[in-house]
């Protein structure tokens, strides 16, 4: 009963000029400002902008799973 | 005009120790507490936890379609 | 020679208000009325209608393989 | 820093009896009523209802990307 | 009971030199000559021939769902 | 006008103990007995039975496209 | 450190004449005889044999994740 | 012999503020300036920019097949 | 009961300089040295090395299904 | 350093009236006329034309990987 | 002959709180304790746990290819 | 008009013994030597060689989008 949790998954895109991991970190930090009970993420897609033949920004699409709190 | 409905799809994960159908039922019941005009669901993924060599919980990922009500 | 069977695959959608298995059963029963030599099925997709926040109907898309009888 | 935008992607279904492009337009117009900073869309799926052997409605599933505004 | 409809899905390719929507329309019109109870379509694939650097024909692959009438 | 052909695609499985090409050949020969205007095929899947650690039969799933003849 | 677990995933097919859930249960029970630390499963595919127009057996392909025990 | 043509496929993105068909037309016209023997295209992906809640541009990714001319 | 077999699927890559079928044959022969009850295979992927503009080796990835013998 | 090779992948379609392997061979031979450092291929798709109920031509889509030579 | 190697592919999940590359490294190190002739890996999936709005662990699913040694 | 840009996408594989990001950087640097107007990249696939149970090289397959300059 108390075990039958329901989760919601949202899809976000984080970006960073530093690394793929940093883009993930930025996306989670932004979501954590307004959302609660973030539990897991799944990488969906990685792409980026090229500036002068170098990576300008990594753009990482994530699905983030969060527990829906039963009141 | 009145025919041109727009729908929103959300992605949720329901769980149950009983069956796949029960996990779907639990997810819909939880969403129905706060959302309106739920119209259809699509199964995306089924997985589960194993406890002592048996299914502990089924976890069913669903997309749920709901009509956006034009006021 | 007699071993080189050819099979045809058709795609059908069965529905049931009871369970996923019952939707499969209903689809097979309907096909069995007019088709012969049904040998296997493959689940392609599961979705359903939501009525009052509960599952109204499961809709299971199947591919059904049937042997083409060489006369 | 100011470059590290985060985006949210939502999934919607627009419909139209006229054309695929019109279904996209209707979905965007509906979302634009309540959401801000819509930046891009991705077509996911196109289907439709058939009425008297003709297209009744096109139904186009879109993902819409919107920038999360950092305050 | 009367609700447990079964549907058959067929796959067809419509073509048109005019537009994607026109290729869909042509496919439905052709199927409607000999088949009944056409209810929905799903776009599977769009391709086309090129003639002199311009689109010669759009070729749209559709799945068409039709209700199997229980007598 | 005369250019706007419509095609039907069917899915069949051919088998052969000899080779993948022979399984395709067998499937086409079987379909050609009763169907007309076969124009192209697409390989969807290849599998087979193993007998005594060797290939017993190749089983090749094909989609076959045939022109619907406008009378 | 102690957190950096490694997991192995195996792919199995369970079968049952009763239900999809029962086929999963049978597969887990069989694996549990010889393998340890089974932690989760993922449904990959569901198909089955048809006998006399009815489901003879459900065949459910699962991936099973098990923790590799660091000694 | 003369039948054993080889084809090259390239991937391009066409854009248009008007329609999906117009984006395809623009991509083909651009490729036709410098490439020869364009024979077919396959739609891979459709997306677009949103400007003020409306479609700014459709962006259609195509694969284009061209015959390699044997000299 | 005796019908509720469980199967294990393994993934192997066979190679051959001769043909795709020969690469499958080689993979099965190698597996048959140490494994029992091999029942079916599924082709997953075909690739190869190029040597001097010709096929050096075909490399065929297979899943092989084998029955787990209940003692 | 010298190890950090970069590769380019191109997509081609080879054809043959004889066999799938022959279509691959023809595609590689054609590419080898003008391109250098071809290293591997990946089969993407196999289809073909049907002439009088028999295979007219196999058409095999390949990705071919070639090393970009650092001068 | 000596060229016709057969390879086995296994699927593992490595984890790390540091980076995606570190999760790969950990998985390889664990497999290398008991397996021989590891030759290549393919990333299949990346996900992770979220702890306090930050990445707790990256979890990277890999396929690892190893040569089967012919004795 | 000036807005209707056309883009070409090429597929390349970059490698690095250091990290996934470094393999991307190397691929972009190599392409930038001879190509112009590189605008974005999409990660398609990540794999690598294993040497002595450790990552020898990461190999990252990218699609790179470049604007076709209208003269």
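Think of it as A, B, C, D, E, F, G, H, I, J, K and L in the order they're written, each chain with its own count starting at 1.
The definition used in the following text is that contacts are C-beta pairs under 8 Å (C-beta built on N, C-alpha and C of every residue); 3 or more make two chains touch, one makes a residue touch a chain.
The model shown is predicted, which means the values in this text are computed figures rather than measured ones.
With steps allowed only between chains in touch, the distance from subunit F over to subunit J comes to 1.
The chains touching subunit D as well as subunit H are E. Listed by label, the chains touching subunit F and subunit L alike are J. Centroid distances from subunit E, each centroid being the mean of CA atoms, peak for K.
In this entry, D-H is the pair from E-F, G-I or D-H that repeats the interface of F-J, since more than half of their contact pairs coincide by residue number. With centres set at the average Cα position, the gap from subunit C to subunit G is 23 Å. Per-chain CA centroids place subunit G at a distance of 44 Å from subunit H.
Mean C-alpha position of subunit C lies 38 Å from that of subunit H.
Residue positions of subunit C touching 2 or more other chains, listed in rising order: 10-11, 20, 31.
Listed by label, the pairs of touching chains are A-B, A-D, A-K, A-L, B-C, B-D, B-G, C-E, C-F, C-G, D-E, D-H, E-F, E-H, F-I, F-J, G-I, G-K, H-J, H-L, I-J, I-K, J-L, K-L.
Of all the residues in subunit K, the ones that touch subunit I in their complex are 3-11, 63, 65, 68, 70.
Those residues of subunit A lying in contact with subunit L across their complex are 19-20, 45-50, 52-55, 58. Contact residues on subunit J toward subunit H in their complex (touch as defined above): 10-17, 23, 26-27, 30-31, 57, 61.
Subunit C makes touch with subunit G in their complex at residues 20-21, 24-25, 28-29, 31-32, 38-43, 64.
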